[in-house]
Amino acid sequence: MPKVDSQLMPRGVRRSTPRQFLLWILPWCALLAFGLYGAGLCLVKGLNQTNMDNRFAFGLWIFVDLTVIALGAGAFFTGFLLYILKKRELKAVINSAVVIGFICYSGAVAALLVDVGQPARFWFTFWHPNVHSMLTEVTFCISCYLTVLFIEYIPIVLKNRKLRQVPSFLVFEFELHKLMPVLAGVATFLSFFHQGSLGGLYGVLRGRPFAFREGFAIWPSTFFLFILSAAAAGPAFILLTTWLVSKISGKPLVRPEVLPLLGRISGILLVPYILLKSIDTLVWIDSTSPARGFAAYQYYAWKPFGPWILFAEIVAFGLLPALILLRRRLRESPAWLLSAATLVCLGIALNRFVFTIQTLALPTLPFDPFMSYLPSWQETATFLAVVAYGVLLYSFSFRYLTLFPQEKDLSC
Amino acid sequence: MGFTRRDLLTFTGGSAAGLMFTPVPWSLLRDTAVLSENWPGVPQPLHGEIRTRYSTCTLCPAGCGVRARCVGDRPVSLAGVSGHPASRGVLCPTGLVGHHLAFCRDRAAEPLANGRPVAIERALAGVSAAIAACGARESVAILDPRPGRAASLVYRRFLAGLPSGVHCAPPNAEPYGAFGIDLENTRAILSFGAPVLDGWLSPGRVLANRSHFQLIQVEPAYSRTASLADLWVPVLPGSEDGFAAAVARALEGETSDTHATEVARILLRNKPAIAVGGGAAVATLNAKLGSVGRPGGFLPRRDFTPVTGIASVPDRSIGVLLIEETAGGEPLPWDLLRRKLIPQDSVVVALTPWLDGCARHADYVIPAPMYLESLDEAPTPAGSTVAGFSLSPALLTAPPKLTPPAEFVLRLAHDSATYPDILKQRVAAIKKDGRGTVFTYPDAKSARVRDIPDLWKAMLGGAVWLDEPLHSGTVRGADLQVCAGPPGPALPPTPEYPLLLIAADNPPPHGSPLMSKLYRESGLRRPANAATVHPKTGRDQGLEDGARAIVTSPSGKFPVQVIFDAAVMPGAIEVVGQAISPASIRRA
Amino acid sequence: MTAITPKPARYGMAIDLDRCTGCGACMIACAVENNVPPARPEATPRTGITWMRVYQISNGASFPDTRAAFIPILCQQCGKDTPCAAVCPQEAVETDPATGIVDQMPQRCLGCRYCMAACPYHARYFNWWDPQWPAGMEKTLNPDVATRMRGVVEKCNFCHGRLHTARARAAAGGRRELHPGEYVPACVEACPAAAIVFGDLDDPASEVARLARDGQSFRLLEKLGTEPKIYYRTARPWVRQAAAQQRPASEPPERRLRAGLPAPQGSGQKEPAHA
Amino acid sequence: MTVFQKHRGQILFVAGVLVALAAGWRAFPVLRFQRVPQPVAFSHKIHTDKAGAKCEDCHFLRDDGAWAGIPAMDKCSGCHAQPMGTSAEEKRFIDGYVTPGREVPWQVYSRQPENVYFSHAAHIKLAHLDCRQCHGAQGESETLGPARVDRISGYSGSPHFQDMNACEDCHRQRGAANSCLACHK
């Protein structure tokens, strides 16, 4: 067994002993098993196992899906920069980015299949699509993009030392590789779209003045804000994960200039996002919301959702990290870089939380009560299952595949 | 060279590719949708010819006409009978789902003796033995929830044959004695706690006339009726009689408190006016208003025969007590009945469709058919100014081992007649007298009794007989005997019991599981365990909205869930169906 | 050849809040007509299915000045940019051009609940449980309405089963057009106070159109611009205030709805937050 | 080295494709449906010709617009209390169903899902469709053919009643209502 294990590993890099590796994955497997049990309950007994209800039609899962997909945007955006804008330095992280993207999207789709009441009918959306629904757009793009990510994943797998020995695989891998720029292009297009549609999902809710936004053509402003924010958060997340992996594995994985570069990209994208987000918010407070009979100030009168949320979203988790990431001197220092990246990711999460949870918590009818919701353990377990799945898949990929090409040179 | 694994793979690959171009995968995929439609365990409705059948509701004294939409013979929904003189085409929420009652839990399914199933003959023998064993001063009593039925006649005949038989009724079974209320001509109603717009008399009749009477509600609780009244006068519990007297004085022109004067003004401006809800003062008030024996007031009807109220039966006097419970009525408080029984060797017989009412305390339980399960009768509709009668034909097939209460008593009396025979006799008697008119449900037409050849058949098809009105000249017992008024608190509040329990909202009646679901989820009726208090009172007692708490009163303690409602009188606790008394509340 | 389709109607309701006694007959008639199952013991006010739900509203004043009224809420059958219809990913929701009724097809529904998030009236309900009836009671189900399975959304469709029946009866007599009053939803028929008037809003002669026009009528959340077809009427200024006003900034807990309160014991752990 | 040897792979692949196509287009449509025979060999022809019965005698619209469908036993026993003819089948029918008063478990050719609503009234009285249009020449048939039942769904497999498209197309052509709830409940 250890023999096979070592044969599978990439040449010229050192990996933990099988024993250490086993100890590392065991707890995650346990967590996965527990999570799958929770998810199983929801599938077999029905969604009464969750704490969602007719008012909180969406809960933890949708929030997680949105966040995870935003963070997974690193895959397409890095690909875009590398293959389309030819930013060669990013070659160092592209494989890792693809794997992370694949994990995020497949995880989100899995969670969605538990979330819907009749999973067996998932194909209806393709059979009888309602072209006016943002959700249709999301479903189509995400399933296509997931396929793309899968195809992008294949060559990484085929590069594996053992698999290379099959000649036809080698050919296939080579062919695929020539395809990469095309795929990257397709991926970019698809991602731009569904990241946007995910924002549109809420922007079009004319019955929910808190979420509703005016927009251009069929797309509400949230459509564009979501694209921008995802593009900004993606690199930050790649940055964090890369740093995390090298800390855990105790090895340098990329050249020192790569992480700051990712930070810079994220910072550059944050600035326009914050700007547009602020404008959008002002327009919404000033006209969009009042026009539909809801003074914006009152949304923030329902504790705990005070005005602090706006401040946190725009200043603490937006402007602040942007400024840090744009200052070369701060960017160079790991502490600043990492904390800024963390802030960015938190900001995205908060933004997605506001749109999913706060939108539903706020009353609409004059005699509605304000309502709160706490996920049940089954819901939380399902969420943890996704996390565990991600960690495991990444761990195996890292152990047996070349996620960081520079690692070899750096280690010797 | 043979067929290698590689060949097999190629072949399979080929066929897989080919299959995609056949209907196979797609039609199979479509069938998964069909499977998700016929979700396992989801029942499918029965199909068949849609028929309309008629009956009369016996769940409460209102006597509403019922139109049942049936698939084949099975009722799938109930509705009112348009033009029905008592119900005016209306059914109350309970009545709308009356056909669900048969499927409730807590049904009495077979005769029980001391909790153990027995044959009906054994039960009969046991009860007759107990009756035979009764000494001269140990009375045999039948508690009759609806006196004035043919069944009541059976009871009275049987009891007359015994040394000391008592035919008694629950308190306020006959709220206004021999009198009905001429709602059609009333212009103002002064109600002392009567639920005028919440199931009073025949709801349909009340609402049909609502537009032309002023409604003044005198009640401590902001009840449903209070919220819809033209004027709500909140008074302290027990002070109703005082207020009635004040109004009476104000009618005389004497100056009294502003509320009373205001009320008097409304009453004088809108004549004829009546006062309802009971209490001695209310009787005098009606006398003052001149509402007795006059159009728009209380009119006497012909069919009244007085019965002893259970309260006036001497304590510790009953040796054998037969209690009839109807499908709709809420059971009497047991301690009220217990006081009347001879302590040790008394026998209680429950003639009831339910296991959770008086059956819990009975030595013998004789399961009665559920509403719509057997031919039944509806006597004079509550508050009607003329006598009335209608049959309630069965729409559901009853399970075996059920005995209608009247039938059980007939068999005790060794009478060969069956309950339907008794009903036939009643109808025959109506036909013989030849008075009054009959309203038939299917064609919504009225005809004189004389002109109906086969009255029994007509009645079975759904009909109500209404007597001719008495000439107001011939008023029998011109003094209006009025039921007891709303009770005041037994004791004044004490430091130990600083608050006051107020009975608000009646306890939810036995009802369809569907009805209880809807009331619970909409919060439209307070849950049975709710204690509603003014937010200020609540906070003073260290409670918050939705908290679980314990209410303690001299008569005991019970757990509740606190609801804050600014409509409640400060210092009071509104609880569902509890006697008024001082009490205290604290966190559980 | 459009001759075959009858003149399109725009069915709507006018509900008189001053007549409504809050008895709940409409809710019950609705549930019976549409085969809504009795609740599981775990069900709460927030997970139950009530196509029609009567809310109690109050003027917020304290005893003895407090005043309460009842307001039945059902699908408001939005006529313009119907929020739920636009968002459904697989055409399980549509507005019927012939009747203006917003159709919901549980057999097509994926159970994503996006439509519920979109509906400002909370008039859509999700089947959190498998429907179950006490033994024998399934024989009282209405054959004109199909039962739903778990995991799908359902809502009021103006008793479409009754529309089928009315049309069949008319067709048997060779008529395409329905006479006014030939088709009424169960709640309208059951209301003891005759507080609900139903009919074709496009027929100027109809009672409902007349009521919808007069000054006492208003609609909920009118400013959202979704043109609901349920009109509410009242002469009591405070009722109009409480039902039609803009959402207040904050409100004392007393103002909270009974419907929002924790259900009685044994009904699950979910407690609404305090405003 | 024969041609077969040379192109062994391709040939096998194509063979696979062909087999699949044959199975999918020829065998599957047959296997998919189960042919359930009718419990009684009823002849419309005899009843219309010899007994001079009219279609509407058994298959009629009720006043409320509901379709009576297949007549119940009371209709049959009206005439068949005693044998009208001499056929063994009739005797079997009388002994098996009439005398014990059992309903005949007829196989309905058009069995649809519970949520499907179909109004005969609208199609006969308003659209003036001829019965044949959907039911074919059932009315003149000598015997009742077996019912085609989808093995998986248990619903009708008869061409006319197989899926929604047939209904939708006709409705579209005639400009009839096509909203979900027009034909669903």
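Per-chain residue numbering starts at 1, and chain names A, B, C and D are given in the order in which the chains are listed.
In this section, a contact is a pair of C-beta atoms (placed from the backbone, for glycine too) under 8 Å apart; a residue touches a chain by one contact, two chains touch by 3 or more.
Just so we're clear, the structure is a prediction, and the values are computed from it rather than from any experiment.
Visitor: Which of the two pairs, B-C or A-B, is linked by more C-beta contacts?
Guide: Pair with the higher count of C-beta contacts: B-C.
Visitor: I'd like the Å distance between the centres of chain B and chain C, where a centre is the mean of that chain's Cα atoms.
Guide: Averaging C-alpha atoms per chain gives centres 28 Å apart.
Visitor: Measure off the straight-line distance from the CA centroid of chain A to the CA centroid of chain B, and report it in whole Å.
Guide: The separation of the two C-alpha centroids amounts to 60 Å.
Visitor: Could you work out how far the Cα centre of chain A sits from that of chain C, in whole Å?
Guide: Using C-alpha averages as centres, the distance is 39 Å.
Visitor: Quick one: report the Å distance separating chain A from chain D, using the average Cα coordinate of each chain.
Guide: Distance between chain centres: 53 Å.
Visitor: Which positions in chain A are in touch with at least two other chains?
Guide: Only 118, 121, 124 qualify.
Visitor: At least two partner chains per residue is the criterion; list those residues in chain C.
Guide: Residues 44, 48, 55, 107-108, 130, 145-147, 149-150, 256-257, 260 of chain C each touch two or more of the other chains.
Visitor: Where in chain D do residues touch two or more of the other chains?
Guide: In chain D, residues 62, 64, 66, 113-115 touch at least two other chains, as defined above.
Visitor: If you connect every pair of chains that touch, what shape comes out? Choose line, ring, star, complete or other.
Guide: Basically it's none of the tidy shapes, so other.
Visitor: Chain C touches which residues of chain B in the complex?
Guide: Residues in contact with chain C: 36-37, 39, 41-48, 50, 71, 74-77, 79, 90-93, 96-97, 99-100, 102-105, 197-198, 203-204, 207, 210, 222, 224, 227-228, 232, 234, 512-530, 534-536, 545-546, 561, 563-570.
Visitor: In the complex, go through chain C and note every residue touching chain D.
Guide: 1-5, 92, 94, 96-98, 101, 103, 105-108, 144-147, 157, 160-161, 164-165, 167-174, 176
Visitor: Quick one: in the complex, what on chain B touches chain A?
Guide: 29, 32-33, 35-36
Visitor: Help me check something: in the complex, which residues belonging to chain D touch chain B?
Guide: Chain D residues touching chain B: 8-9, 12-21, 23-25, 28-29, 32, 62, 64, 66, 68, 113-115, 150, 152-153, 155, 163.
Visitor: In the complex formed with chain B, which residues of chain C make contact?
Guide: 21-25, 27-29, 31-33, 35-39, 43-45, 48, 50, 53-56, 58, 60-64, 66-70, 107, 130-143, 145-150, 186, 189-190, 192-194, 252-254, 256-265, 267, 271, 274
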